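Each in structure tokens, the structures are laid out below.
Next come two complexes built around chain A: one with chain B, the other with chain C.
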Partner chain A sequence: DIISTVEFNYTGDLLATGDKGGRVVIFQREQETKSRPLSRGEYNVYSTFQSHEPEFDYLKSLEIEEKINKIRWLPQQNAAHFLLSTNDKTIKLWKISERDKRAEGYNLKDEDGRLREPFRVTELRVPTLKPMDLMVEASPRRTFANAHTYHINSISVNSDYATYLSADDLRINLWHLEVTNRSFNIVDIKPANMEELTEVITAAEFHPHHCNVFVYSSSKGTIRLCDMRSSALCDQHSKFFEEPEDPSSRSFFSEIISSISDVKFSHSGRYMMTRDYLSVKVWDLNMENRPVETYQVHEYLRSKLCSLYENDCIFDKFECCWNGSDSTIMTGSYNNFFRTFERETHRDITLEASRESSKPRAILKPRKVCTTGKRKKDEITVDSLDFNKKILHTAWHPMENIIAVAATNNLYLFQEKVN
Partner chain B sequence: QDTQEKDKAIPPERAEEAKLKAKYPNLGQKPGGSDFLMKRLQKGQKYFDSGDYNMAKAKMKNKQLPCAGPDKNLVTGDHIPTPQDLPQRKSSLVTSKLAG
Partner chain C sequence: MFVRGLKRKCFDGEEDIEGTLAGIKAIPSYNLQRQSLLDMSLVKLQLCHMLVEPNLCRSVLIANTVRQIQEEMTQDGTWQMINTQSTGQASLDRLVSTDILCRSSRDQAEGKHVPAYSTFSKDFESDEAQDSSETMSTASSVQAPRNLQSNVWEMENPQENKGNFQKSLDQIFETLENKSPNSVEDLFSEVDNSYYDLDTMLTGMMSNTKMGHCDSLETFSSPTNTASNSNCKSDLNDLDHIVEILVES
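Right, the complex of A and B next:
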């Protein structure tokens, strides 16, 4: 099924994917062993479960898709792993735990579970724990429902490890992980008169260290930073980030392509990155009037906006991510291409995630899109790009140079070559 | 002659906008405004009612997935069509020339 979200956990040992069918698949990194040196860093399936089912909203006669929009891991606090997964309307907390022991020698029941005849129980025995084949179980621990009228686009776990936010097109709610029957609304941009609606919330995230700070991006290309200490309802922003637009270059497409599809804080907490249709921008939280860095992802599409509008591709929502040290950023494009940008050296590279272009363990060859008339060998022209092959979801291991790239219904894992 | 050409050069975005306006002259006055936001807020396939939805789901389970081909999509006279029988078509903002 089509992968709709990809997320590493805090150590990078687990990688979760969610798909359009409401399923979550978790991969675990194999431990290095001397006997199998080649399998270092390989990820294998650890657990699979059905997180969400399709539902029907009776009041509006609308189908609620089971597609998993986002998965966010909780930091590990005991032997079990916890993650939040959400579809358009409902967030669920899942517990993934391992079972490798089984109790044997019960007094009241047989090994196959049948109750023993009371007169057969002649002596008392203490059950013993015996090893068994590893079993990974996923169980839903909390269901956070009925808090969103519109479609949930983001969830973000707070650095206090006790609360998290969920954002839909017009509202952001704050939850406590232990409480499912109540959530606090912290942002509400719904106008009194819906005719006056000019923008929607497209993404939201908590600051990685300051538990009172979060940001949300809009369809108009702006980002608002809010401080929950200033008021209970954060409709008034503390900071407003917007790049001034050149009025002479404004067109019908300007607002659509400026819509931010993803916002991510850097690990350091000093910067944030936004993705709009054609570029990725890095903002310094201390400077609101313009980004500090701008990277063109696929500028050659600017002269194709008309057809991209007609086939709806102009509304595609690409995500972006930082590497562990914040030195490199990555985002996807079309034709199964994805791009990484090194911030210090300004080096960028285009790579392809496809079976035809790479064999396992082979080094990826850089790709290039030809933008001028003369096409060199190995280059691809803009017109021959496959716009159905879009890389919307990518993730970077929190510490190592391992990246996960979702290409429609395939997941690719790439690793930096170690000499 | 070079500078003359540069002055006349139209930014690619504007050229694309002109193309779009030429194809769809009635396109909304408010660029990227309420229309496409409203469409975004209402995303999701609408059914007439829950009975319609449940019947369509039941039919989907019994039927094979429809394959591409014009003759398979011709559902006439056999039974009342459900949303699943109709060819998938995303609603677009651009209204057809037939409407108004």
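Right, the complex of A and C next:
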């Protein structure tokens, strides 16, 4: 099925993917062993479960898709792992736990679980724990429902590890992880008259260190930073980030391509990164009037915007991510290409996630899109790009140089070559 | 959403220069391309999935684009009646890509005022071909069962049309807000039989998503008598399809 979200947990040992069919698949990193020294770095399936089912809203006569829009891990606090997964309307908290022992020797039950006849119980014994094959269980612990009229596009766990936010097209709600029957609305941009609607919320995230700060991006290319200490309803922003438009490149598509599809804070909390259709921008939180860095992802598409509008590709929502040290950023493109940009050295590279170019252990060859008339060997012309092969979701291991790239229904894992 | 069965010249990117040299006549005018973009946008707004809620972000972005074009057209004074007695089939080939629109709106290709026209879908038969004041046209990027009739504006008063246009965009959002189907009667009452305007088409299409395909025929048949047989059949097929889905679920 088509992968719709990819997320490493805080240690990087677990990698979760959600797909269009409502399933979550969790991969676990293999431990290094003497017999297979190269196996470290491999991820194998750890758990699979059905997180969301398709629903039918009878009142509106509309189907609610089971596609998982986002997964966010909670920091680990005991032996079990917790994650939040959401579809368009409902967020669920899942507990993933291991079971490798089972109790044997019950007094009142047989080995197969049936109750024993009372007269057969002739002695008392203490059940003992015996090892069993490892079983990974996923169980839903909380369901946070009925709080969103519009489609949920983001969830973000707060640094207090007790609350989280969920954002839809017009509203953002604040939840407590323990409370499912109530949430607080903290942003509401729905106009009194829906006819006046011209802007929607596209993404939202909590600051990694300041539990009172969050940002949300809009379809008009703006980012608002809000402080929950200033008021209960954060309709008034504390900071407003917007780059002035370049009048020479204005066209009918300017607004659509400026719409931000993803916003991510750096691990340091000092910067944030936004992805719009053609570029990735890094913003310093202290400077609102323009980004500090701009990276062109696929500028050669600028002259093709008409066709991309026609086939709806212009509405594709690409995500972006930071590496663990915030030195490099990564985002996806078409033709199964993805790009990484090194911020200090200004080096960038285009790689391809496909079966042909990714034999196990083989080094990826850099790819290049030909933008001039003369096509060099190994280059690809813009017209031969496959716009059905889009890489929307990527993730970077929080500490090491291991990346996960979702190419439609395949997941690729790449790591830095270790000599 | 791909355009099928449509021959068109693509002027994107590097082919531009060759295009210019090869056929000066083939370069579409800015106005024509803008009209084409407008038609495309209107079609996109109407093609909502029957059973799944439309993407609000996408709808808002397209609606904003439409508003932008409409504002510019009003300023230009090109908001005029489109009279198409001309050939149907040939116009299909002439729906060109709107490369010029991708560049700055300042670099307009020609200042020449080409009378804008829309394309015909060959599936659609208009009973009103003889009626000179109204025409039906279909943006040809639409798949057969969902033949839509995009409208023709009659230039009485640019302000009034702007208001109507705004109203129709508003109605899109209202229906996205899930108004009750009874509002269809209200929509009918607003229809002015003297010209076929955006309101009727858009609201008819939007209420489509709630009521079922066949009902759209009523919307069209009451102001004008142009419900064609081919439309009826394809809509009935859709209705069967929908009933099938509902029964299975």
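A few points about this structure:
Just so we're on the same page, the second predicted complex is superposed on the first by the 418 of 419 C-alpha atoms of A that agree within 3 Å, B and C clash if a C-alpha of one lies under 4 Å from a C-alpha of the other, contacts with A are read in each partner's own complex, and residues count from 1 in each chain.
To be clear about the criterion, a residue touches a chain if its C-beta (ideal position, glycine included) is under 8 Å from a C-beta of that chain, and two chains touch if they have at least 3 such contacts.
Everything numeric in this text was worked out from a predicted model, so none of it was measured.
For the composite obtained by superposing both complexes on chain A, the positions of chain B and chain C are in clash.
In the superposed model, A:Glu123 makes contact with neither chain B nor chain C.
Ranking chain B and chain C by residues of chain A touched puts C first. Legend: residue contacts after superposition of the two complexes on their common chain; A:Tyr58 is shown touching chain B, with no touch to chain C.
In the superposition on chain A, A:Glu111 makes contact with neither chain B nor chain C. In the overlay built on the shared chain, the residue A:Ser303 is in contact with chain B and with chain C. In the superposition on chain A, no contact is made by A:Asp133 with either chain B or chain C. Legend: residue contacts after superposition of the two complexes on their common chain; A:His151 is shown touching both chain B and chain C. In the superposed model, A:Phe253 makes contact with both chain B and chain C. Overlaying the two complexes on chain A leaves one chain C stretch of 74-82, 182-190, 218-226 or 236-244 clashing with chain B, which is 236-244. Chain A residues in contact with chain B (one complex) as well as with chain C (other complex) are 56, 60-63, 65, 88, 150-151, 169-170, 194-195, 197-200, 219, 249, 251-253, 255-256, 259, 302-306, 309-310, 312. Contact residues of chain C toward chain A in the complex are 1-3, 10, 12-14, 34, 37, 40, 44, 51-53, 55-58, 60-61, 63-65, 68-69, 97-99, 101-105, 141, 166, 169-170, 173-174, 176-178, 210, 249.
Chain B meets chain A in the complex at residues 11-17, 19-21, 23, 27, 31-34, 36-38, 40-41, 43-50, 52-54, 90, 92, 94.
The touching residues of chain A, counted against chain C in their complex, run 56, 60-63, 65, 88, 150-151, 169-170, 193-195, 197-200, 202, 219, 247-253, 255-256, 259, 300, 302-307, 309-312, 315, 372-373, 382-383.
Across the interface of their complex, chain B is touched by residues 56, 58, 60-65, 88, 150-151, 169-170, 194-195, 197-200, 219, 249, 251-256, 259, 302-306, 309-310, 312 of chain A.
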